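Structures for review follow.
Both of the next two complexes hold subunit A, though its partner changes from subunit B to subunit C.
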Partner chain A sequence: MSAGPAMVVSASRRRIDPDPSFTRAFAELAPRLPGSDRQEIAALRARSLARFTELGIPTQRDEAWKFTPVGRIVNRPHAADVPAEPPLERILPHLLGGPKARRLVFVNGRLVPQWSHVGGLPEGAAIESLTRALERRTEAVAARLARDDGRSFTALNAALAASGAWIELAPGVVLSDPVQLLFVTVPGASAPMSHPRVVLRLGSGAALTLLESHVGLEPGPALTNLVLEGELGEGASLAHDRLLLQADEAALIGKVELVLGARARYDQTTVALGGSLLRSESEVSIEGEGVECRLAGLAVPRAGEHVDTLVRVHHRAPASHSDQLFKSVVEERGHHAFAGKIFVHRGAQRTNAYQKNDNLLLAEDGEVDSKPELEIYADDVKCSHGATCGELDPSALFYLRARGIDATTARGLLIWAFASELLDRLGDRTARAAARRALAARLPTGALVDEHEDAA
Partner chain B sequence: MLEIRDLHVAVEGRPILKGLSLRILPGEVHAIMGPNGSGKSTLAHVLAGREGYEVTSGSVTFGDEDLLALEPEERARAGLFLAMQYPVEIPGVANMYFLRQALNAVRKARGQDEIPAAEFMRRIREQARLLGIGEELLKRDLNTGFSGGEKKRNEILQMAMLEPRLAILDETDSGLDIDALKTVADGVNRLRSPERAFLVITHYQRLLDYIVPDIVHVMADGRIQRSGGPELARELEERGYEAVLGGRLAA
Partner chain C sequence: MATALDTVKDYTEAEYKYGFVTPVEEERFPPGLDEEVVRRLSAKKGEPAWLTEWRLSALRRFFAMEMPTWQKVRFDPIDFQAISYYAAPRQKERPKSLDEIDPEIRRTYDKLGIPIREQEILAGVAVDYVFDSVSVATTFKRKLEELGVIFCSISEAVREHPELVRKYLGSVVPPGDNIFAALNSAVFSDGSFVYVPKGVRCPMELSTYFRINAAGTGQFERTLIIADEGSYVSYLEGCTAPMRDENQLHAAVVELVALDDAEIKYSTVQNWYPGDKEGRGGIYNFVTKRGLCRGKRSKISWTQVETGSAITWKYPSCILQGDDSVGEFYSVAVTNHRQQADTGTKMIHIGKRTRSRIVSKGISAGRSDNTYRGLVRILRSAEGARNYTQCDSMLIGEHCGAHTVPYIEIKNRTAKCEHEATTSKISEDQLFYCRQRGISEEDAVALIVNGFCREVMNELPMEFAVEAKKLLGISLEGSVG
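Then we have the complex of A and B:
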């Protein structure tokens, strides 16, 4: 017997064929996708779909998807470009960043112009919807879409991306007011899918606060497949607040991939508070000295929800600092998977890299998988990683109860205390408030802990 | 007020309290002294309702209630307070917020309304001032990063705010400097009243110079071995447990 067939078998187990509906949706949608009037874009999209079909949907044999049966959740018929017109009052609570924020609002992957505004930008700043960017800078966008990272969902995104944005700040441009990208999902009857592509380019010394919100307005199957990529130039600074607030049954698969130049500062805080599957991948490549990179995340899965966080930080230059803090509160039938890896590449001396994953497992039928890893090819480095998984501290619970606070409230307070540390990392005040509301709504003592914040 | 009858308590199957009886009347201050490991904190924890202690026999009544049948929060609401030997640090829960929650829970049980915010602030500032606790400490997270002495003062602050009927102080004096000892003792003395009782656990005669007890008990091997007036504490200080208890002290 030859080795050939065996290899085919094991390789095939790492992927399954995509549901035919993806190809059907593409065939139907292709003529209407932004950029389709340009032959090279149309061809690029067709190639991307073929690449997606070839790569397939990963199974749990694929190391990067070890903890998540993604096929079971997303490999089903979805419809692209499903119109929906939610009333403004459902949207208002999700408009973040204060009165001067600029924003693009998408509903089921369609730009809603009347809720979007990006006017009054200083010279050297561009915020364009993907559609507009494809008209104005076709080659640059095409180059982005053509990039093949060997990941099937990136290829699918390239094939079908109709929403998203191109955000570019020339050197030295500082936007003092936040930019919000709000992706709204209204499932309706048709299991809509959308594939936002966001490109961020910050020139040296540029600064931006980006609020990325994903909001599901009602329960029902839906898929958001996001790719957010870009570069921070020397000394550029990006505060990136991410609120993943999908509704029940909806899935979000997102990848953030950024390259950081010398002395850049990147602060990412991801709050995952709703959705049947929230898969959040971050890949950060530090390519200069003196970078400060902080990645943080909070997940509170319950009732069959599955949050999967995958982080890769590459130190490719000396003397930079990265710090990861990811926490989860897992309630009944919730599942949190965390896989984080720090790579310190050859020559990246004097790297400081930390990673911590703390999980609060509150139910016996909840599940936590944690896989922190280090890969170090330099000798003069300070690195540490660690993961914890535990219940609420009984002596803290006793202390609170011994002062007259009932057990439920005491538990709620301790859970809040554990989780709120992460909310405090959100850079924008309104994002913090929205995350607090969303978290309070998930905890038994919601109202009470809200008041806690007011008092503090 | 408190009646403990022949209490036997085991921890992980090992007997710690072995037939302890104690009766405290309103207005009284009792002191318990005893060697390390004799079961003093165990008694305090069992009275406050901490998990992990198995009452194998005996009874405790508090007022007219079966204390051992109550949850810890019910005991606190009934007017029992334990100033802990090792107060727990709870990051993320603000000291002042916590105290307001606790006070309102206790008030509710007494049939009182929630304390108005302004009155709460006035009272807590007043008590904090008397106990030498800075405003900054009130704003910090509960006991988090507090020094040993600050934790003990914070316990007394909670006691002063909650106004219990029976306060158990488990080595509140240990770790305090001389001035702080005086401040804390003054805090306790301010609360002394004909309706309120105290059970003061200590290793040192010094505290009892400030908080003069009505009755001093010597505890050893899970039982009260001897009781007497304040002079018993002085005798212990001078002669040590071995001499005072003689053959009753288990090796």
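Then we have the complex of A and C:
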């Protein structure tokens, strides 16, 4: 036997062929996709679809998907552009950011103009739907869509992106009121899919609070495949609150990819409270000194829900600081997987990076997987990580019980205490309140705890 | 810090101190691997038919397997056909006493500073020397025999205790476990076999010194240790290898089985030739080590100090099957120049109230890469399982890498699992503090590094700890300061 050929690992086991419905949906939709009147955009989309077919759906042999059988949930017939008109009262509770917030609302990947408004922007600020951006800045959007990160869902997104936004703030522009992107999913006769693409560009010193909400109104199979990408210039600041509240059976696969310039500040908090599969990938590249990057997440999977969080923080410049805190409360048949990586590149001296993953496993049949990783190529750094998994502390439970609090309430209080640290990290008050409501609805003592919170 | 830098340089540029080749007449197979080679090897060793068949089926598996790609070590494809699968020092009969041993071999060990005599008389260590592939001396055998402890080469065990070998060989590391385990199962040449009977506490540390000598010879050692109910054994493995330009593959398999209330302590100090400063030559240390805590309240403890080899790629693991069984892993891995290490452990919790503890210390210098990769898996049946993991890395110089890749998979809610890891450089403050008190840079670094590794060093048996501390000192001389 010659060892040469043995080194070639067959890629076949790492991917499966996508369901033909993706190609069918593309064939149907292509003429109506935004930018399809432009030859180069149409060609770009066709290329992306081919790339998606080539890359296929990853299997668990693909290290990035080790804990998640994504094919089982996602590789099934979906239809793009499923119309739906949910009543306003179902939408209202999800409108966040206060009365002055600007927002874009999408239902099944279609912009709903009557619920969206982005008016009164200061000079140097642009918030446009993807369709509009494709008309006004075709080249720039095309360049974004053309980027190949070797990830099949990004390619699929590029092929089918019909919704999303272009958000750009010129240097020094500070938006004091939040911007909300609300993606609503309403399953109908067929499983809807949408592929939002969001591009964020913050010039030096610009500041923004972005509220990204994903809401499922009815249980049923659906797929949201989001790509959010962009750059923060020197000293720019972004507070990014993410609420993932999908309905049962629905899947959300999202990737956030940001490049941070010197002294930029990025705060991301993801709260995952609903959906058969919530896959949230964040890849942050720190390319200047003095950056502050904080990433946090809370997941409370139960009843067959699967939350998979993948985080990569690249320190490519010296003297920056990153901090990750991810927690999960896993209830019956819930599954939480966390894979986080701190990557300190050569020369990124004086990096200070921290990563923590705490899990509460409360059910016999739940599962927690954690893979906190460090890859470090510089010596003058401080990097550490910690991961824990366990039940509620019996002595804490006993303490509460000894004071006459019943078992259910005692458990509820302890879970609340564990989880609320994460909710407090949400930058926006209304997002915090919405996340509290969603969390309370998941706890047996929900209302009780909620009242406490409201009183406070 | 000019002096510190100098010391770093001295250390990092230190040449391998144990490089020499012993000219010994030897018998060897021409390079190549096929069923015929395995048959000849098996015949040469006078093995029974079942073992020949076992080897052949492992070989077929090996040919069907692919080289994995997930590891964080890089090496050129290995040409398994260019390796000679059998080399033995030419000797008519096994020596009855140490005096009969080839004086050249004796001198080799003397150069390494492990005089057999002294160990035999003073340290009370029974040593099963492995020179390339065939055991050349076994000492203290009689004393052990009185207690019923079997300590012999594996070929001897195949002849004299076939029932034990047949029962346990491959029961912990099945031939198809990984590509190198399959290769080893097919072509293993020799190694050690230990059986400690019920209720016996082995009165001395058992140890083996491995030495790769014949150029172009891979070593495929096979170690099998069985601790019967209520017994205890401590086993030491230490290695140095001569300097050589050609890469040498070492694919050993170590299997440990602990029955009810038994305890096995396995300690390794590994100092094989790491290659030169440019990364030429050096040993590929691709070893599969695994212990099975089969019995209730059994315990397996791995301790390793890895300073040598061009590439170290191994995960001494514990399968905690018996209720209340305990697995431990203590590791120090030092890499320098262009050495690569991807090492760690796996703790598989199956039984109730099983406990595991992992302490790993990685030190990287020069242009080396040092990875801790570990798995803690707690199955649904492992009620009340407990794991504690700590891995710390220290970086010396800005061209090296330190990586931590832990996998934690938990399926039982009563399990408690903690993992901590830190990465930092050697503390300037501590160095300064020592220097201020008149301690030389070099001693200060040795002191700090030894302190950094203390938790692991404390786990080593006395004699080994002294040697290991010296080794760390030598490895870090001039590298750290």
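Here is the rule we go by: the second predicted complex is superposed on the first by the 446 of 456 C-alpha atoms of A that agree within 3 Å, B and C clash if a C-alpha of one lies under 4 Å from a C-alpha of the other, contacts with A are read in each partner's own complex, and residues count from 1 in each chain.
Convention: contacts are C-beta pairs under 8 Å (C-beta built on N, C-alpha and C of every residue); 3 or more make two chains touch, one makes a residue touch a chain.
A quick note: this is a predicted structure, and the numbers were derived from the prediction, not measured.
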Now for A:406: first (subunit B), second (subunit C), both, or neither, which partner does it touch? first
Look at A:148 in the shared chain and tell me whether it touches subunit B only, subunit C only, both, or neither; answer first, second, both or neither. neither
Who touches more of subunit A, subunit B or subunit C? C
Which partner chains sit in contact with A:383 here, subunit B, subunit C, both or neither? Use first/second/both/neither. second
By the touch definition at the top of the document, which applies to A:372: first (subunit B), second (subunit C), both, or neither? second
Once the structures are superposed on A, label A:28 by its partner contacts, choosing first (subunit B), second (subunit C), both or neither. neither
For A:398, decide between first (touching subunit B), second (touching subunit C), both and neither. first
Which holds for A:417: it touches subunit B only (first), subunit C only (second), both, or neither? first
Can you check the complex and tell me which residues of subunit B touch subunit A? 48-51, 71-73, 75-77, 82, 84, 87-88, 90-94, 96-98, 100-103, 105-106, 109, 141, 158, 162
Footprint of subunit C on subunit A - complex, ascending: 1-4, 6-10, 63, 346-347, 349, 359, 361-391
Residues of subunit C touching subunit A in their complex? 33, 63, 65-70, 77-81, 380, 393, 395-425
Report the residues of subunit A in contact with subunit B in the complex, numbered from low to high. 393-396, 398-407, 409-410, 413-414, 416-418, 420-421, 448, 452, 455-456
